[in-house]
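Each chain gets a letter, A, B, C and D, in the order it is written, and its residues are counted from 1.
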Amino acid sequence: MLGRLESSEGMMRDMDTKKILNKLDYYRIYMILAVIFILMCLFAPNFFNTFNIINILKGMSLNAMVAVGFTVVMICGQLDLSIGSNLTLGAMVVIGLQPTLGWFPSLIVAVLAGSLVGAINGFLVAKAKIHSFIVTLGTMTIVQGLIFLISKGSALSVNDFTLADWLEAPLFGLFPPRVIITVSIVLIFFVLVKYTKFGKGFYLVGGNKETAWLAGLNTDLYLILAFILSGTTAALGGALLAMSISSAVPTLGVSSQMVVIAATIIGGTSMAGGTGDIFRSMIAVLMLVVLFNGLMCLGAGYEVQIFASGLVLAAVVLGESYALYEQDKVKGQRPALMAELKKGAL
Amino acid sequence: MNEVFSLDMKGVSKQFPGTLAVDNVDFQVKAGEVHALLGENGAGKSTLMKMIAGAFSDYTGQICVLGENVELCSPSAAKAKGVGMVYQELSLAMPLTIAENVLAGRLPTKGKIFIDKKAMREQTIECLKRVGLGHLDPFSCIKEISQQEAQLVEIAKTLGNNPNILVMDEPTSSLSREEVKLLFGIIEKLKKQGLAIIYISHHLPELFEIADRVTIMRDGKKIGTYNIDEVTTKSLVEMMVGRPIDDKPIKVKNQVLGEEKLRIENLTRNGFFHDVSFNVRANEVLGIGGLSGAGRSELARGIVGADAIDSGKIYIKGKEVRIKNMSQALEHGVAYLTENRKEEGLALRITIGENILAPLLKKHTKNGIYSAKSGASEVLEVMKELKVYPPDPTVTVGNLSGGNQQKVLLGKWVATKPQILILDEPTRGVDVGAKMVIHDTIRRLASEGNAVILISSDLPELVALSDRVKIMKEGRFIGELIKEDLSEETILLAANGEGDKLSEDIYAS
Amino acid sequence: MFKKSLALLMMGALSISLLSGCGGAKTPAPAETTETTAPAATTTGGDAGDNLTKSLAVDVSTLKSSDNQPLLLKTEAKEIPARPEDPKALPEEDPLHWYDLEYSGWSAEKVNIPKSPADGSIGKKVTLIVHGDHPYVTAYIKGAQQVATAYGMELNVMSPNFNVDVQNQLVDQAINAKPDMIVEIPTDAKVAVQQFRKINQAGIPLIAANTLPEDEGMKYVIGWAGPDDWGQMRMLAKTFAEKMNFEGGYTITQHAPGGSPYFSRTYGIVTELKKIAPKMKLLDAQAPGFEAEKTMQLTSDWITKFGPELKGIMAADDSAQQIGINEACKNAKREDIIRIAAGNSKVGMDAVKAGTVTAITYQSAEADGAVVLKMAADWFNGVEVEPVRYLPKHIITAADVEQYMPAQW
Amino acid sequence: MQANTENQDVRKREMGKVSSIISKLGVYVLVIALMILGTIISPKFLTTSNFMNIIQAVSLLGIVAAGVSFVTYSGNFVDMSIPCIMAFSGMIAVDTLKYGIVVSILCGLSTGLVIGIINGTVVGKLKANPIIWTLSVAFVGSGFMRWFYSGKQIYPDVNGGAAAEVFISLSRTNVFGTIPLIVIVMIIFMILGQFVMTKTKFGKQVKLVGSSYEVAKMTGINVNGVVSGAFIVTALTASIAGIFLTSLAKTGAFYNGEGYDFNAVTAIVIGGMTLTGGRGDVVGVLGGVLVIGLLSNVMTLIGINTFSQSIVKGIIFIAVVGINARSLRKLGRDDA
């Protein structure tokens, strides 16, 4: 400690550089997005025009919505593999019930269905203390099975497109309601989780469950809430997609799951918990969509897209772990001694 | 007269499945006193404290805080009643910032909902100042600060709740002498403010510095409460272990030192320790004193190759060696007992036997096949010698008491029959019984012609065991004390050769 | 340090992905075609009539698919029964229960279909949105490409890997690229409707392919071309029944749920057999996915469960599933079980040749792709285009398997 | 653990004996239960042929699980790149058949080896999160495959020539007349795995790393090497399974092996391993694999349709793990 004080000035400098690095790290995803966007604008034919930008925004909405709850689960240091089947559930329920209940009530039911699955996940994780990976892997199979069982494996649809058209038609020339809804929900929960006393609890639970409990937080409740939120937003996202195409297939969410996980990680949320935020997850989803869309404009096939997104994910994971690896090496170095070394070198 | 106690527990008990951890205990603490709570690990004192902190909802008996009968059935309830607890194990969320930790559960808000960042900064800094960490940035992560700082942050966090009963469980276990002094300064201030402080420590000398009264527990029962001047270290220890014992570790003169086992020349790891040189000989215990964070553990890690060194030479029995990793160190007969048992010392989820045999995998692997049987006798032998309880190698280490865990940890390295044994805080936070066993073992190892390097912040321990003490400071050796003039005072003086800016800084703030 | 490494990796990632982007672009092969059609494209600028005559002059009858069959097979008509007012009310064994899935398109009255420019196909840009990556689709694209090249059309392929959400994005993207025509294989008959509407509203001519969309969707398309899966299944069922002497129990390994083949390749068989061979009994139908080992276990279980009662097995897929069934039968010494399968894969053909499988459907992937592009060309050339073009139905048995070798995929 | 008094230790030890027996038998209790159920519902259940079917059906999964269990055992959850490895090594093997069967198999294996080494070093040395890393490898791998083979699937008998026969027969030959080669291989791998995991230095090292990475490091174990080892073992078994699968399907395709990642971890976890590592053994995993096989066999015999089957599987999966978790918590090891 003495050392720290003696060289406190040197150490402050050290602190500052660290801060800058952290800041850079924090804005990483924005930079990746910028780089890709610019590259695409330069090289990809009919990429940069209003219509396509709208496509990109629409393409983002489903996974961005799903990522909301999933990110919170990750912040709590847990994993939710059931998001895929949950979003399918939402979609199937909303379309399945629309003829009898009408749009809004069936939307409510759909979302509640998602929340229920989430609640079950949360309960099993928090109370029965089963690893979330296992719980959600189980519920994933169960829910998917139920969907097939009830729908007999067939898609559902309604031939009324008024709502669908409204959801898809851009307002203010750029933002379709579906996108607006998604983004606003993202923003609401982003603020709720990051900037409110209540929301900060998720970070504390994820950072150290014991501490959170000792600080008087109801950790189990937080966990359950996180999973409920995940189930809810997943179902909502699915439902919105279904409403915007007036139909739903029982295999809707299969490939979303992995994309959302990847995006959340790329967005800077760590599996360890206690870090990350919803907005950056959305930006990461956006980044992936831009990448897909741009590559498609370049005439690249699907294979190139997963290849590229895989590379981005790999790059991020590598970068992060390498950074930590380097940090470990120099952690606890004494500025005083380092200063001497520098002098010696001169 | 019946004075109102800050805390008054009457006939409280806590039943764990299969055992009565706290058995009908009465316990009173006055306002403005430091009340030490003593007992070996497993005596039930931590359970008692957890009870006060509201960790259990199913205790029996009556608890009064400031005369008012209360139900401390949840941490929040306890906090509301003004009970603050500093836990022995750090209970901080690593990925979060200092501020978020210090203000956990009571973040300042604008309009009840949104977090007030400015207020956060101010309140945090204010809390940190109280423990002399005013210079830390409230928004830097816990990961980024040292363990000592973290320990103090922990205390700052508790003080932040302005408790009127403060429970401290081994608060000094990872603090250097300096920081302990500073902490005592804080405690004194709090006393004056009329707080009731319950202080748990295995470090008896501390108690005589700080405590007013002391209560001793054994096997979940209360043995008695005394004013500090009524008791001596000896009597306390006897009450704790429940049998008469010889006085605190006496210096036994080791026989004449043997040949040189280990010589270090200008060992340097840039930024951690610079041109360190020393040698240890057979039958010798070389103490390395100094403030924690002086680079002692880093030095040890450098020697055993856990971290790469940048320059310098290592000679074992006069032969120069390059040690790139722990396994090479073991091959050269160098063992290193790490300071933090739970992270780097023992795998808590596997059995005693497996832990002890961990470094011996190679030895017990005959033409590709590993047999734990061939190691069984060794394990039992070690466990017997170190009096590990329970004496059953199939017990999961996580289920042992701290003291026994530490014994197993030492046993793990003793079993490797090292010629050079580096011990880093071998008795941190263990009870008196375990401590005695460990000290005896260290002496025996030395007397059997091995070289022991003892890194310790426990001055009596250093004095009692070492033949020589090197003083380390700021990653350098700044002095050596030979047996004749070894005493806690001399070590302290040497360690603080340049006066303590630290405490000045504190008292200034 | 960290930033530097990260930046490096990022750039690496991007450059590689872009590079392979070009590589990938080649494989679906619009690259070459652009060259071939370049001159033609210029002529379009010159004189439309001239271009039209050129286009009409194109002779595609010589084109052959890789199984030495003519690439453009004679398309078939199909008689359409009257629609019952509520098909779903009928029992599943009644073919009319599936009316909406089987007979869509004919009855649909078209909405806002763009008029044919009738200025020749040469130089036209066609975007083909497939439903996902699968060897069949690869062959399909190959066939489409041949015809496109022949007619001097520029083909651009997009694949969403069977993901509805992604396919929606692709539809928008295709619209954004403003091609002269969009050809789409919908991931699902129902989802298709909204996608088709969008394209239709964007005023881009649209042809649906391979997977039959719902009636509702057929409103918005010039036409549909693809295999008559239900019809094929009926024929297959007939062969099946004959081989089984119109009696005995049978089981079905179903197609992956969530697509139209799941129904056609289950109930196409069930309904037909109900009609022509009432003595035949459906014992069980399960969807083990396209995994040989899973199907193998399923079949073994069936053999254990039904024993001699089990006389025949129908597989919705003639590669992985069919292999699983064969292995199971072999292990259980039940080679006597009659096995038929849908599809036209190499593995299936080999099996027929080897005699382990009695019959498979002839569904030429390349012809499937070709017929659609032919339809597109016809439309550009002002040739009258009927709403639905079915590929000819044929069942391959040991008798004629040779002439269909080598298989396309 | 401070509150432990002596008699509590004793109690814990008793508990330890009891529930360790339970958690050892655990999965086999389920196996036996399913067998009893099977015999009740169908007289044909208790026949060698039926059992051979079950075992043969799960043998590929068994091979994979035997390998993946090492990754799980080392505390690295699961290798999500399994399907990619299986498909890829299968395709490479087919592609190189023209150079003879030996070369092709070696090439197949080395494909797995390479991916395994990459996973191992990144996870082992840089401590990257195993799930995420292997996931990204899976992305890259499958993308590369589709691009490299331009979405086609390739056939041994087309590329192979003479060697093709051998290759295809790999998963069709029976040893001693009745027992399929795959089953033999699976059993060998199970025995080998069990042996390596419990009886060798490597196994013990993996266990230690799984129990506590830092401790293992400070005990002189080459953690980097051990973790890499675990991933390499996994990759190798995966590519062997991949080759068998390709030979069975007579086709090398990018979609081969889909779902094996989750199926494997399901089997492993049912088999009593905990995702946190250091607990369980391959015998248990074998039990888990058998449970999966028996389950679908019994359910098909009862006549439950595909969809309900997956529901039942999911429920049983969670239930089993929940019970394991409880019996472990009783032991004071709250790490399930």
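General remarks:
Keep in mind that, in the parts below, a residue touches a chain if its C-beta (ideal position, glycine included) is under 8 Å from a C-beta of that chain, and two chains touch if they have at least 3 such contacts.
The shown structure was predicted, so the numbers you read here are calculated from the model rather than taken from an experiment.
Looking at chain A and chain D, the chains in contact with each of them are B, C. When chain centres are set by their Cα atoms, the one at the greatest distance from chain C is B. Mean C-alpha positions place chain B and chain D at a centre distance of 43 Å.
Centroid to centroid, with C-alpha atoms defining each point, chain C and chain D lie 36 Å apart. One simple way to say how far apart two chains are is to compare their mean CA positions; for chain A and chain B this gives 41 Å. Note: centroid distance chain B to chain C, computed from Cα atoms, is 72 Å.
In chain C, the residues that touch at least two other chains are 20, 23-24, 27, 133, 257, 287. Touching two or more other chains at once are residues 148, 153, 270, 301-304, 307-308, 311, 314, 318, 322 of chain A.
Looking at which chains touch one another, you get A-B, A-C, A-D, B-D, C-D. On chain B, the positions that touch chain D within their shared complex are 16-21, 41-42, 44, 46-47, 50, 88, 219-220, 306, 325-330, 336, 338, 343-350, 354, 358-359, 361-362, 365, 368-371, 389-390, 392, 394-396, 398-402, 405, 412. Listed in rising order, the residues of chain A touching chain C in the complex are 21, 24-25, 28, 32, 35-36, 39, 43, 45-46, 49, 51-52, 54-55, 58-59, 62-63, 148, 153-157, 159, 161, 164, 168, 241, 244-252, 254-256, 289, 291-293, 295-304, 307-308, 311-312, 314-316, 318-319, 322-323, 326. By the touch criterion given at the top, residues 20, 23-24, 27, 133-135, 137-138, 254, 257, 284-294, 296-298, 300-302, 304-305, 307, 319-320, 323, 327-328, 330-332, 346-347, 350, 409 of chain C touch chain D in their complex. Partner chain C is touched in their complex by these residues of chain D: 42, 44-45, 47, 49-50, 52-54, 56-58, 60-61, 146-147, 150-153, 155, 157-158, 172, 180, 245, 248-251, 253-255, 258-259, 293, 296-297, 300-301, 303, 305-307.
Of all residues in chain D, only 1-13, 16, 199-201, 203-205, 207-208, 211-212, 214-222, 276, 278-279, 331-333, 335 touch chain B in the complex they form.
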